[in-house]
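The next part holds the structures, each set out as structure tokens.
Two complexes are shown next, each including subunit A; its partner changes from subunit B in the first to subunit C in the second.
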Partner chain A sequence: MVKEIDRAGIPVTHICTVVPISLTIGANRIVPAVGIPYPLGDPTKGEKKSHEIREHLVTRALKALTVPVDKQTVFEEDF
Partner chain B sequence: MKLELGKIHIHDVQFGEQTKIEKGVLYVNAKELEAEVLKDDRLAGCHIELARPGESVRITPVKDVIEPRLKVEGPGCVFPGIMGKVTEVGKGVTYCMDGACVVTVGKIVGFQEGVIDMSGVAADYCPFSKTQNVCVVMEPKEGLETHVYEAAGRMAGLTAATYLAKALKGMTPDETETFETKPLLEQIAQYPDLPRIGYIHMLQSQGLLHDTYYYGVDAKQIVPTIMYPTEIFDGAIVSGNCVAPCDKVTTYHHEHNPVIEDLFKKHGKTLNFIGVVLTNENVFLMDKERHSDMVAKLCEYMGMEGALLTEEGYGNPDTDLMMNCRKVTQHGTKVVIITDEFPGRDGKSYSLADLTPEANTMISCGNGNIVLHFPAMDKIIGTQESIEMQIGGWVGCKHEDGSFDAEIQIIIASTIANGFNHLCARQY
Partner chain C sequence: MPKKVVHYINQFFAGIGGEDKADYKPEIRAGIVGPGLALKSALGNEYEVVATVICGDNYFGSNIDKGVVPELLEMIKKYKPEGFVAGPAFNAGRYGVACGTIAKAVQDELHIPVVTGMYVENPGADMFKKDVYIIETKNSSADMRHAMPKLAALLKKQMEGKEVLGPKEEGYIEKGIRVNYFNERRGSERAVDLIVAKVKGEPVYTDYPLPVVDKVAPAPALKDLAHARIALVTSGGIVRQGNPDHLESSSASKWCKYSIEGMDHADKKDFMTVHGGYDRAFITEDPDLCIPVDVLRELEKKGFIGKLMDYFITTTGTGTATNSAKRFAEEYVPLLKKDRVDGVLLVST
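So, the complex of A and B:
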């Protein structure tokens, strides 16, 4: 799906838990998520912290959409 | 570490007043066995049914399959840390009920539970269509949480196997095999001219009903470790998972790990089988990175020249598989992967979710997406009501006459990714 959205000319960020798979299938903008059981949060840290993690990752993913890339790029850190 | 496996051949199973083995027939006192299983207060009911090869019988939804084994000499018990105290196993003498299995079945736990047909076309795809099966049909207490039901089901199977195994006491084995692995330095010195080969055994540990236990420890809590190969024959590893049935490594498959069995056959002849590295398949990328690093380190440390590598399940564990392959290769050990494939019904999609250039030697155990027609059976042990939900099925796959269509991934062990079954794929 990521590849097809890209192919249609719409920038897309893949928020994903297993980055190597995303690299193998050919996503261009990748934001690593927390883990497979809870990609966008962490219930072990409580509801408030979990929400912060979610907002943080989504913000980074949205920002990644605005960055031109010429190769597969993993946005590991905030920028 | 040296283990003798004494096999007592079973060619029929019958109900009887006493649980015993006589002239190759296993007699089961069903009431006694049911009472043993029902000591678990998480279960509301249990009854025993028998299924033999060739009968018009379907067993579903199947959770686990176990071969009853009994420790006769040496320390520990079969299924250490679960059915008895934690003691190192893998040495001494163990008896096996060769040809008979416990099959746990009952209302669905997760969606990844399978089918065993005792006859018809689907029987060709399942190793347990050829065994004498003692089916433990369980009913969970109302309102039992899913993970608690899974634990109760797992224990019911192990309890039943332990109960039946008592019948092996005092028997004379029909066949005996001896397996030995020496401490590493001695093992390497024993066959200095043969290639040093190991086995990297990835245990399913995704959690959420996808777990495996090593000496009673949940495998997602381990870091990679070294195991003497014979430990596995004494039930050191137990399945607790609801993985796609086709490549579910049941407890039976751990007891009969085909890679270990086959490496022993060639041990001292064409290769020097130096040991097993156990690792897991966790759901956090950091775990995958750390544990594949450690696997590579252990292989290098052991002086392995070549390794066979297997996984359980598919999807994200394919990443663990590829990371292990890449890093072990880069540390100087040649790797051959044994796996199954899911390239879609037309075979045109990627077979695995992840890849690496180092994965250049692979053995395929077949395509799990192939669709098969499952004919109606005279008798169902368990229930067919969940077939559409079980992986491999789909809404509308069931027909009024009791037959259904499904991908062969619904069949227990049809494409099991350690080569236990007979399917394979060839490239021309």
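So, the complex of A and C:
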């Protein structure tokens, strides 16, 4: 699905839990998520901390949309 | 007695006409027509091209489910062939699909050896490479004189019951079959050779090529996030509470779209997950963990993004064929375009 969105000219960030799969299928902007049962947040760390993690990841994923890339790029750190 | 071969070609190679004659109905003629001459000479005296079956590419395509295949098989059967050649089709897409379809049908129904030929990017190649031998050709019919001898050689090998070697030796497109054999040199030695060749930048050969996945160029970057319309898509199986559209928990056959208009977060009263591939406990309790409506709404209020779209798009990723996923996106991308979506966040569990 990511590729078809990219193909249509709409930038897309793939927030995913298994980065190697994302790389294999050909996503271009990738943000690694926390874990399979909770990609955005970590409920084991309490609601406040979980929300904070989600905020960081979503913000990073949105900023990744503004970064010109010419190859598959994994955005590992906040920037 | 020479062995009997029947040849399939389209209206163009039969000299009947191009696009304007692509609706040409199936016909069989005794002897060779067009490229049959090259086939005849490549096969040699012990073989005879007893008949040539001709069909327009559009006729074939539009009647593929309406009996064109049985119709052609009946014609072919009458000549009692012992081998069958289709094309080669080079890069002609509809011709390639026709060649693959009829070659497979002849192989399955008449139980005789078949061969066809195509350019590797011909859609027919992907569709039929696992079923029939497809000699890899160049992308234009200028390659006929190189291609036809390869088709003939591979057909003869099969008809004579000789061992068909690998794709590289015979020139066919990989069928995805692995054959065990003893190499004189052990694996470790060959592995070292391979890495050394790679380091040197020399051409390398691998016994086990990785599957080729088509790459898409990245879409241009967003220039103005503060005014951008952002849509949320997920493969995490999030649906309206109660799953009104019966989205599958695995091997999804569809995608769904649900409203998040006016919501400041994704509440468990409104949403649930049906995904059968992970422990649903956490997301059941807080769907924002997969569709981050809370954070996106806050960012929208702050003016960090222009607008969070009033809906999200969802399917179940687990067990879902990549071709289905491709189709889902092909179906909803026009909607995103119509709604002037500038950027997408796609969350996968």
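Here is the rule we go by: the second predicted complex is superposed on the first by the 79 of 79 C-alpha atoms of A that agree within 3 Å, B and C clash if a C-alpha of one lies under 4 Å from a C-alpha of the other, contacts with A are read in each partner's own complex, and residues count from 1 in each chain.
Methods note: a contact is a pair of C-beta atoms (placed from the backbone, for glycine too) under 8 Å apart; a residue touches a chain by one contact, two chains touch by 3 or more.
Computed from a prediction, not measured in an experiment: that's the story for all the values here.
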{"item": "Which of subunit B and subunit C A:Ile30 touches, first, second, both or neither", "value": "neither"}
{"item": "Partner chain(s) touched by A:Met1 [first = subunit B, second = subunit C, both, neither]", "value": "second"}
{"item": "Winner by number of subunit A residues touched, once subunit B and subunit C are compared", "value": "C"}
{"item": "Subunit B versus subunit C as contact partner of A:Val19, first or second or both or neither", "value": "first"}
{"item": "Residues of subunit A contacting subunit B in one complex and subunit C in the other", "value": "17-18, 24-25, 36-37"}
{"item": "Residues on subunit B engaged by subunit A in the complex (per definition of touch)", "value": "206-208, 283-285, 288, 316, 318-319, 322-323, 350, 353-355"}
{"item": "Subunit A to subunit C touching residues, read off their complex", "value": "1-18, 22, 24-26, 28-29, 33, 36-41, 43, 50-51, 54-55, 58-59, 61-63, 65-71, 73"}
{"item": "Subunit A - residues contacting subunit B, complex", "value": "17-21, 24-25, 32, 34-37"}
{"item": "Residue ranges of subunit C in contact with subunit A within the complex", "value": "213-223, 225, 228, 230, 233, 235-236, 278-283, 285-286, 288-290, 292, 294-296, 298-299, 304-305, 315, 322, 325-326, 328-330, 333, 336-337, 341-349"}
